[in-house]
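Chain naming follows the written order as A, B, C and D, and within any one chain the residues start at number 1.
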Amino acid sequence: MFADIKGLNEECGVFGIWGHPDAVQITYYGLHSLQHRGQEGAGIVATDGNSLKGIRGEGLVNDVFNKSNLASLPGQNAIGHVKYGGADKGGLENVQPLLFHSSSGSLALAQNGNLINALDLKHQLEMQGSIFQSTSDTEVLAHLIKRSGYLATKDKVKNALSMVKGAYALALLTEEELIIALDPNGLRPLSIGRIGDAYCVSSETCAFDLIGAEFVRDVEPGELIIINDEGLYSEPFSLSTSSAMCSMEYVYFSRPDSDIQGINIHTARKNLGKVLAKEVNIDADVVTGVPDSSISAAIGFAETTGIPYEIGLIKNRYVGRTFIKPSQELREQGVKMKLSPVRKVVEGKRVVMVDDSIVRGTTSKRIVKMLKEAGATEVHVCISSPPMKHPCFYGIDVSSHEELMASAHSVDEMCDIIGADSLTFLSVEGMLEAIGRKGYGKNCGQCTACFTGEYPTEIYPDTLLPYEKEMSRS
Amino acid sequence: MFADIKGLNEECGVFGIWGHPDAVQITYYGLHSLQHRGQEGAGIVATDGNSLKGIRGEGLVNDVFNKSNLASLPGQNAIGHVKYGGADKGGLENVQPLLFHSSSGSLALAQNGNLINALDLKHQLEMQGSIFQSTSDTEVLAHLIKRSGYLATKDKVKNALSMVKGAYALALLTEEELIIALDPNGLRPLSIGRIGDAYCVSSETCAFDLIGAEFVRDVEPGELIIINDEGLYSEPFSLSTSSAMCSMEYVYFSRPDSDIQGINIHTARKNLGKVLAKEVNIDADVVTGVPDSSISAAIGFAETTGIPYEIGLIKNRYVGRTFIKPSQELREQGVKMKLSPVRKVVEGKRVVMVDDSIVRGTTSKRIVKMLKEAGATEVHVCISSPPMKHPCFYGIDVSSHEELMASAHSVDEMCDIIGADSLTFLSVEGMLEAIGRKGYGKNCGQCTACFTGEYPTEIYPDTLLPYEKEMSRS
Amino acid sequence: MFADIKGLNEECGVFGIWGHPDAVQITYYGLHSLQHRGQEGAGIVATDGNSLKGIRGEGLVNDVFNKSNLASLPGQNAIGHVKYGGADKGGLENVQPLLFHSSSGSLALAQNGNLINALDLKHQLEMQGSIFQSTSDTEVLAHLIKRSGYLATKDKVKNALSMVKGAYALALLTEEELIIALDPNGLRPLSIGRIGDAYCVSSETCAFDLIGAEFVRDVEPGELIIINDEGLYSEPFSLSTSSAMCSMEYVYFSRPDSDIQGINIHTARKNLGKVLAKEVNIDADVVTGVPDSSISAAIGFAETTGIPYEIGLIKNRYVGRTFIKPSQELREQGVKMKLSPVRKVVEGKRVVMVDDSIVRGTTSKRIVKMLKEAGATEVHVCISSPPMKHPCFYGIDVSSHEELMASAHSVDEMCDIIGADSLTFLSVEGMLEAIGRKGYGKNCGQCTACFTGEYPTEIYPDTLLPYEKEMSRS
Amino acid sequence: MFADIKGLNEECGVFGIWGHPDAVQITYYGLHSLQHRGQEGAGIVATDGNSLKGIRGEGLVNDVFNKSNLASLPGQNAIGHVKYGGADKGGLENVQPLLFHSSSGSLALAQNGNLINALDLKHQLEMQGSIFQSTSDTEVLAHLIKRSGYLATKDKVKNALSMVKGAYALALLTEEELIIALDPNGLRPLSIGRIGDAYCVSSETCAFDLIGAEFVRDVEPGELIIINDEGLYSEPFSLSTSSAMCSMEYVYFSRPDSDIQGINIHTARKNLGKVLAKEVNIDADVVTGVPDSSISAAIGFAETTGIPYEIGLIKNRYVGRTFIKPSQELREQGVKMKLSPVRKVVEGKRVVMVDDSIVRGTTSKRIVKMLKEAGATEVHVCISSPPMKHPCFYGIDVSSHEELMASAHSVDEMCDIIGADSLTFLSVEGMLEAIGRKGYGKNCGQCTACFTGEYPTEIYPDTLLPYEKEMSRS
């Protein structure tokens, strides 16, 4: 999970808790368990009901927080955020939660997702005098909330959300309450838990297991939830909702011990491997998975085909930012960075290499080559999801067709390019069947846009390009 | 592997290379791949043929080294070391390689293993005027080498080794040569590789894969090898050798992608699981392994029994020393440190939990409880090695019977204590069969002392206790 | 200068440069020489004409910047800032320069001073939809600039400055230009220098000496200066200007090697000591100064009286934030923090202790006690400025009468409280004469508000208190 | 004092305390006040009577120690050390106190000075089997102590000291006692203080003032002192003693608030300036001193001549190792590193620049140039010590004639080279008179070897060169 080897990046995780004496520490552990969703920055804002105070920093959760700065945060209520951000979207100013002060009170905001009309909104806000310190669309949302004429914070938030489009799982903290909201398509996961008398909220349920909380329920698409000293209240903020949970959360992003809408990620992935096994017909000696995210699918694939599962690839766990990267020279001499083949396992064998997805194809090509150099006689690449042909506008860092190998090439061409003996993708139907959310409506309540081009929301084709240049998503 | 959850600790890894322009960087990568063998300290000493210079520090490889201090090390030749060390054996002075200067030249020494007569030797040396800055037995060995009357370094080393008893895989660096040696029982792994024209040596072969070296051969018991600008020369330093490779290297310590004496660790572990599966008869719904070291055995177990393998336990990867540990209070509230159960996978299921060994039993007890609280209806614990009843004097941190649950309790009692529905250990014969080194002599050339009490070397029962208090092993 | 011992804090220094290939490094050195003006935070924003990029952090210049983060800043143009900030005004969000992005370009702002109507302006801006991330009045100014209807940045700035009142020395950076401005009373120092073809600007001229720049001229009260690739242009933005340079810049804040309006600080201070010597009549054996800021005055005092100057007090240079403060217990046992007396120098002597000012009186009391315990038979305290009776609203951290000893006590009472044998203050006239800016109009063009209560601008008595609670100055 | 600008380095300070509950913290503060004697490394070893534990590190006292590592040190007794060490004498292994463990107890050793027969002793020890981890002669001394046949530690120390020659101020800690010793010529300062019931020892008395201890007395040449729970005992270990205190301690090394043998350093330096003023006849406008060490002499010079003293040079306090040095390019453009002239003070003036010594002459040349570029019409360099013509073998880092400008050039030639209008040195007689230790025997009990070549001990001309190569002093 940690610092994964894909060119595919989730862009954030949020956590929040209201009414627990160890709120800040618990948020810290919660962010730990969401670390795989964002390794570029982390922050926590906490309140004791009187004021909001925050700590933010670039790097991993462990880089940003220490005993003494955590101890400086007040109170029983907190929200936290982990952030992904490429080179041009980086910078401390983009690390969330963003914190705003005004004479009428403070407000902190953390968001996972992407507002697809953020640039238009930003231009309008600028015309009205707003100024921006970050390139994050979360700051746009904060302006909309603050400018709303309503009195109650929840009404301000609802008013603001009526203007934005896209994917968002939102946590907002004031001196009085914790407000959470999920976009009308429920594109990103967001769940509620309970630890003692305190409610908490997390992008993934794995955080609940770590902190000893019990799972309460998932947040519904278009739902706004207010948590304060009185308890938890829910209100819909949108009447036209339609579940379209990101399929890649099941396929790749989430941790295997998380559940999304009642379905365990490891189980879903194992099923993806099983259905994939049924869709292909390969004669091979061993099945191996690309760690860490494809292990479950590989095990399922092996179970169904009867071909033994083996650890044919090992991930080198160079942790932290301090790792010294090998020079180009050393890399050419064979110094490996992220994966090593297990020679004894693959030597002289026909290998099925199960992976969860192909983005640019460069990683797949490198792994196939590595396996062949280690002695594999054949390498059959089996992908536990369909070809990814379309950019994502909902928070995944694949924003143009150019970056997607499957957008420009047939499966046969891709097989040639990556140097495999065969290449098979799971069908869209197979994927939906394997995840198993039948009865949830269209596409089983999943978003399949990156595979099929059927986007669950409007999109703005002409603004996509400049948009990409100017704004980051969070 | 990283910061594993056992109360069982390997105590070091060594790496060396002679004659490569990037010797220091390669040693750094080599130590990375040996990080699982010691997380308490790391060091590199390098030479350009004129002088030896070293860097040592406490912590992980990435904590100790950075671009600028690595760049300050000279030359084409280097040795490195990663170290384990408990509270009382810690301290910078015990971090290796130790480096000594004299008018006749410098000498650096790194060792994996444990000299069982170190204390006696130390007392004798003190009588003769030696003084000691560390509690490491490597310093004892250095004194013996330096005091030897022979002229050539290799003869000094052979002279010194004739006096020591125990387990050791040794790397010694001078301005002129790299000398490596393995004890007459070959209790610790040590292998030779080649990268370009340069020879390298490593505690485990996984380092070779990472740095792009090819495996040449394992070092033989009682073999001393000199590597210098002329090439590689081997000499036996002991005539009475008898292979007794530590079985726990296969069972637990080594990385799955390493090979020891031609046998891949992952494969050996999977076989341990398969043979274990044949020795028991359990009716269950899922098989799960305790990460990371028991995954291979669990997969083998599942393959043989036909019970599906599932990811039922997830390791929380809190990396580095900066992680803030939960308070006792939070731990009681359920904040988990190292492992979380995957509720959806184990809920309502009869679970086979495969683990590689039981030391004190406290971890096993905790995991069984965790699985049951997560809804497992039955938990059957299957251990892929025999009961560990006897202390190890060869470099594993289990030095008294008191620390070993199996030393004082029957299997049934142990089962009760850990709260499992059944508890099964692999038989010694099953273990040796599964590892598969038939034809290597007694015990298939393995050391089984911790299971059987048959120690391959003399031991000194009356000195064990004070010894333990005073000396650390490396 | 560094981490001085007074309870009196200057609140910032600004530096800027346009058109030099090493702009970022030079700004770094410039901030070093301004370090005494603010030790709580530092930042640099730079531009290559295409975009603005910044680094900010809490702590000293050396804590915030390193080779690699400096190297990441682009271009030939930069501004920088060092910041003071008490406990409640701290936080990374208050570290300057503040950086704002919009579709029409970016803008960075750094300011030394204090806007006395910032709270009123903030309330009005909030009513119009502005939201604030810091408690700094520099953010208020940024909003005013961005909201201005004018097209050119310089006109926006002039428009914004027409609304603010108080003290400010301002540096503003865009992709196209560096704009600097000084309030109509010129309350804070700001000077222009030239290094090669590049213009630079600094709160103090000592930065020019360090970076090898030549002094060009001081910025005039009410002057706005635009520096871009074409050169340097000046425009007045206020017609009613009247020089009122902060007297405490001469007395205490500035570095001895800086010149303000042509007058060297060391020379001014030595003169303060000389004039003070003429105003008193003390029979004593030695003169000593409280380091570092009172040394010059003490030397002047000694020169005029003929009493020998001696080093009777030594400053302990505990540098950085990592210094471990002594426990209360150790402090009571006599462990000293910041000053030690030189026993041999003061023992059995009648000592004149020259200091530049008395704020709360606690430091003076401690030093007198220290000198007496070291054997001084008499301690005559001579202050090289008049009694400080009135709060400052222009950027010095003395904001209420309560904090000022001289506000509630007569000189005789003060003498009793601090335990001195006599206490003398310089007269206001003596101070103005010593500084020597005759012919500059009222009060010789100096602000004497903290001594006389004659504030050079309007003040808002009823808003002072809430203001203080809510806003910080920069 | 801190990181001074000379090419002249003192090589260590020692501190020790026995029987104080806050021994470790007090040692930390003590080392702070000795920081000017060594900025390359620091260490503390402490004991609670049961075991010795130490922390050592490279860098400043504040770099090495923090709250948590200090808290990990046990007990009421401690010794500490700050170390200077050039490039080839550096490395963690040379940082003191050195700590040795043996079955008969532990021993820690810290030393200021230089053993001139260390290399010969080392060769002999190697012949007898000793091995060395550092290049420090303190390790040689430790071997001699440990090898001594005597039973009591104090007798072992006396036995060892009977073999060494040179300069040393020594602190040795065991579980039972703190032993201190000073060489028979008393070449280095070492004083005893008392804080409550605890005795402490320090290289300089300034530490006593800081920690609230009272001065008891100086350690005598050839005296060994044992401090333990019973009290303080003194024994001479040498019968032929003769005071020869290093004159440069008065002239340059020690802190102005320290006293050596009853004479305050600031007072001595002021006297050096006064006597120097009587020896020359210069017509000038201002006197300035090179900070920090020459300020006292300059003030004395000014007082005697009547020429006003001014701050004509300012030291730039770039603290810590993290300071980013200007590139050669920037340095040529005028970016200054350590000193800046105060233009307004020297412009158009005839300047007397008082400095304490000239070593290589390069610094003097640079400062003269700087003053002239800042407008000084004449620069008269007055040195408050005689020409330094001979190397020091007692702990000052000037070990060959080549490094000493005065060794190869007449005063007139030196004046030409440094570009001054005149150059004057204080006479040897003037220096001794100014320091004022009349009645202390030859040379007033001072070592004047670096000026006169009269070394107070034997020296070993033929071993000097190789010695220098191999050994460092401490």
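Basically, contacts are C-beta pairs under 8 Å (C-beta built on N, C-alpha and C of every residue); 3 or more make two chains touch, one makes a residue touch a chain.
From a predicted model like this one, the values you see are computed outputs, not experimental measurements.
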Third chains touching both subunit D and subunit B: none
Which chain has its C-alpha centroid at the greatest distance from the C-alpha centroid of subunit D? A
Intercentroid distance (Cα basis), subunit C paired with subunit A, Å: 47
So, what's the distance in Å between the C-alpha centres of subunit D and subunit A? 60
Roughly how many whole angstrom separate the Cα centroids of subunit C and subunit D? 37
Can you list the subunit B residues in contact with two or more other chains? none
Chain-chain contacts as defined at top: A-B, A-C, B-D, C-D
Could you please specify the touching residues of subunit D with respect to subunit B in the complex? 56, 91-93, 98-104, 122-123, 126, 128-135, 142-143, 146-147, 470
Subunit D to subunit C touching residues, read off their complex: 1-2, 22, 25-26, 28-29, 32-33, 35, 60, 62-63, 65-67, 70, 195-196, 206, 209-213, 255-257, 259, 263-264, 266-267, 270, 295-296, 299, 303, 308-311, 314, 316-320, 322-324, 326-327, 329-330, 333-336, 340-345
